[in-house]
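Structure provided below as structure tokens; questions to follow.
Chain nomenclature is as follows: A, B, C and D, assigned in order of appearance, with residue numbering initiated at 1 for each chain independently.
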Amino acid sequence: MLGRAVWSSVRQGLGRGLSRNVGGWASGEGRKVDIAGIYPPVTTPFTATAEVDYGKLEENLHKLGTLPFRGFVIQGSNGEFPFLTSSERLEVVSRVRQAMPKDKLLLAGSGCESTQATVEMTVSMAQVGADAAIVVTPCYYRGRMSSAALIHHYTKVADLSPIPVVLYSVPANTGLDLPMDAVVTLSQHPNIVGIKDSGGDVTRMGLIVHKTRKQDFQVLAGSAGFLLAGYAVGAVGGVCALANVLGAQVCQLERLCLTGQWEDAQKLQHRLIEPNTAVTRRFGIPGLKKTMDWFGYYGGPCRAPLQELSPMDEEALRMDFTSNGWL
Amino acid sequence: MLGRAVWSSVRQGLGRGLSRNVGGWASGEGRKVDIAGIYPPVTTPFTATAEVDYGKLEENLHKLGTLPFRGFVIQGSNGEFPFLTSSERLEVVSRVRQAMPKDKLLLAGSGCESTQATVEMTVSMAQVGADAAIVVTPCYYRGRMSSAALIHHYTKVADLSPIPVVLYSVPANTGLDLPMDAVVTLSQHPNIVGIKDSGGDVTRMGLIVHKTRKQDFQVLAGSAGFLLAGYAVGAVGGVCALANVLGAQVCQLERLCLTGQWEDAQKLQHRLIEPNTAVTRRFGIPGLKKTMDWFGYYGGPCRAPLQELSPMDEEALRMDFTSNGWL
Amino acid sequence: MLGRAVWSSVRQGLGRGLSRNVGGWASGEGRKVDIAGIYPPVTTPFTATAEVDYGKLEENLHKLGTLPFRGFVIQGSNGEFPFLTSSERLEVVSRVRQAMPKDKLLLAGSGCESTQATVEMTVSMAQVGADAAIVVTPCYYRGRMSSAALIHHYTKVADLSPIPVVLYSVPANTGLDLPMDAVVTLSQHPNIVGIKDSGGDVTRMGLIVHKTRKQDFQVLAGSAGFLLAGYAVGAVGGVCALANVLGAQVCQLERLCLTGQWEDAQKLQHRLIEPNTAVTRRFGIPGLKKTMDWFGYYGGPCRAPLQELSPMDEEALRMDFTSNGWL
Amino acid sequence: MLGRAVWSSVRQGLGRGLSRNVGGWASGEGRKVDIAGIYPPVTTPFTATAEVDYGKLEENLHKLGTLPFRGFVIQGSNGEFPFLTSSERLEVVSRVRQAMPKDKLLLAGSGCESTQATVEMTVSMAQVGADAAIVVTPCYYRGRMSSAALIHHYTKVADLSPIPVVLYSVPANTGLDLPMDAVVTLSQHPNIVGIKDSGGDVTRMGLIVHKTRKQDFQVLAGSAGFLLAGYAVGAVGGVCALANVLGAQVCQLERLCLTGQWEDAQKLQHRLIEPNTAVTRRFGIPGLKKTMDWFGYYGGPCRAPLQELSPMDEEALRMDFTSNGWL
């Protein structure tokens, strides 16, 4: 299995060496790597027989690569990572690294349920070219995932990761919100650079910005639905499923926010909410992939048990784009 | 009982007469009354023996009246309205009407569980001087509160109310979010002018603004924690418990948002989140009233079963203000 | 207002006198009144113009009175008590007292949001003939309804009530489960005789029985869906909406359980689950009232905002009875 | 990787062959394998360095093997299966097969997020000796796990599994209840023999028994807390974490229920509720393993991120056993 050798060396004490590696990211004054900007959480294309279609993946990347994204999130929730084997997860990242423009960041999802597996996956992701790791909260034993447990988990991962770590809280999938006190504690770790927060609670996002303002800790909005509001309270970017299909528009919204054109930003934001909800909460990855087919990308099927949209759902999905002028 | 005569006449067909009355609010072109601005949801002061302390109420109003609020919400959730008799509810509004500056708006909470009682209370509130009624969603039978049921409820109330109606969704108390489709439908009623949304989901708030943009329908943020984000997505004001103690600051935040000083707005917003959470979700009305005592207002006790804060809670409450520089 | 004089005398110190009254219920050895058995939570009939139809109420009572119920619950959740005025609540109980057989118990719902109003209503309910009071948890400020607050509330009510008090936990309506530790503490009060638990968690019900076994504290299952399981873990009866239409069958289920005929009990229980869910969680009071019309009682309309069933819902409701052989 | 060859052959059309294999379980008249009885969900022992301790696993099995269990569940939620690699999952089952008595059943958890991985794991589990597979609901994309998706998932798994399949619904971990209509549909599959239901809703359990009574479909209670109530409504056994430490007592409770000694059963059930809650919901696997140490088994540490109990929690855990007379 990939990563076994690395993991073994990690346990033999290369922690310090890895820290030096991190030093490439963090300056002498403790500045953390800047991850500000917009990222599409890239989907994993499958063939009709449910094999990963690396060719289509590269084609999508080439198209997405022309847009002013800061980089790409590979194997966020939209990447169907729970359906991929460890080898597939690494191979996908490896292919993306080669297909994508050199000046963009590759943020790779490396979360697993156990701390040990997460460390191994994170180290392996670094080996295949990830610039940073996005680590989702473990969640199966959510009843025991206290702040203490989560702090322990992320600290271990960040200690041993050769690349910076981004926390990832996505309660719609995990049934778990990374607690505020855990976020604040973890923000002080030199190798934890930020959080992707997909919960949509901007009061919480504002408070995270406020309470970590001395830590150079960066907040990314986890969805385009609250991207404007996120910028308003101090977020520095977003990981937006919608950017897989309306990437130019999401980047335009970023620009409007960063240049203080709030009225235009508001108008654009308004038109993005329904399409965004449609490709996330309402119709999920099947909805996102169907929409990608409409917008000139390869969407294709999901792996089971995710099902295709019904014709009625597909019509409602289309309506969410046409009624806002996008189709 | 107060309001009985009015209610009887309402049922005898004065609906049309009331519509003319509404005409005072809505211009010939269908413009609805402007409710933009900041409102504190005024608390109800009680004596040591749990009687309403009208004197202290008036004192608080005199102090609050010096601040640049748009008006006052009387008997929102912070007014302990479920603990008041019908007579007390009306008497409180009547006293506030007399104590408050003439140029400010009085928005009175008139929601009850049944449609009939809500209509009666709304009519009575108008009689004692309310400028508009804020009507919370009925909730005891929340399992049956479909969009259809809620649309029916609010339409009936708005049809029969002599004053404009503001919808009020506060899921933390009611366990119920007024559904989006119901809001959109109700926004078209000439006597429904807006919504106070306390849920804190700014994606939803933005979508409400977007989908009602042809209706002159106004959104008020229901808490100071997401006031800046609310303005960013199109809200026109806020009903903020925190304004009972940091009224000047909440009004300053409004001004910064309205004048496009988003950076200063963000800094101020950040410092208001913890105090706001402390006097709402974290410590409730007992926390708000305790804080009022600190800030020169009369807070006093709540009616049972609401309990006083423990000394430890009181210390934590104070910390949420001191750590942000407000005490 | 009814009860004002009583309440005033209560506050003037008739507590002791009331305790003597309670003495009629509790023997010298501290035995509490026996409330074991089956109770229908009686619905409140309304005319086409939404007035309480006392005549129909009495007719229903006469029919229900021929069944081997232990008594009647008036103004449980199925009585639409949140839609009644205080006068109506008392008048309904008064009429039921006169219409029902003398040897049965009248348990009257007297819960209000404030402790004071609950005490007043409980005292008034006793005056108009209730044998015991069923007191629902206050819930609007559920975020502050700690065990301490609820213990304080119920202790106050039980101290001042001339009749025994039954706790009432119904999370589907209140969003609040009366905490286990509060139940155990309150079970020690001499004037608190039991709990109606509608949550359906039999592990919890069994634990309540276990932890109050020295207190002569009685548990009533709050729904027919888990009546057999309730008896199995130590409940002594049930308050079952379904008993308004299949009263004989619910009483038969009781008998089978009490006489240890568990196999027959299981078969009967199975056939009651879908009809029970239909008249409770699935279609609510509108479903229950519609079914009453089918079974020879007067159901009639609900007060708004509760809506009539759609024809499709009505068909599904009927199917839940026919498929189990009851229609 | 183990199972690769098998999976490949499965896809090449050995489905029919597998069906014959299933024929060993299902008689000509369509009788399904009988899984009635009590099963401990066996924990996975780890060394101090978090390696699987197969020696301790075998020791535990030898001790548990002397009790009148029907068999063992390996890699239910208590087996920390999300923390094991695929190889470890299979190796654990293989070792258990050899260490356990020949006359008992081995039910192996084989659920994964994707349908394909679940099929592979199920086939591999059969190869290493599992008698049946317990398949947890996939849950990461719970927003898309409709009845249709879950029916598709389980049908695929059951079609291709050489051993009978037991459905597994555990909402506390998955945030997902396998919907009633999906259970009823799936009960008709010849290779799906039952469900382990850990939700604790006995109304639902009774209805499952009722609506599948023609399908020879068996319900196992997923926790000792509602084992008696489960038997009362028609369950045929239980998978009980508590049986890892109080195995004799859980089996005695089974016997009391099966022989109709309901009063003694109730007394015993009552004393098991708190200990059961302590080793499940309250203190999780760390609590269960700590208790195993007390009762003469090897508990040992959990894999991270699960944390050890604090001394205070450990004391509370002990109290739940001592106060009920078990320590």
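Going forward, a contact is a pair of C-beta atoms (placed from the backbone, for glycine too) under 8 Å apart; a residue touches a chain by one contact, two chains touch by 3 or more.
Bear in mind the structure is a predicted one, so any value in this text is a computation, not a measurement.
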Any chain that touches chain D and chain A
none
By mean C-alpha coordinates, which chain is most distant from chain C?
A
Let me have the rounded angstrom distance from the C-alpha centre of chain B over to the C-alpha centre of chain C, please.
34
Taking each chain's centre as the mean of its CA atoms, chain C sits from chain D at a distance in Å of 38
From the C-alpha centre of chain B to that of chain D, how far is it in Å?
51
Counting only residues that touch at least two other chains, what does the list for chain D look like?
none
Classify the chain contact graph as line, ring, star, complete or other.
ring
Chain D touches which residues of chain C in the complex?
200-203, 206-207, 209-210, 213, 223, 225-226, 228-229, 232-234, 260, 262, 265-266, 269-271, 273-274, 277
Any idea which chain B residues touch chain C in the complex?
50, 77, 82-83, 85, 113-117, 138, 140-146, 148-150, 152-153, 156, 172-175, 281, 284-286, 303-307
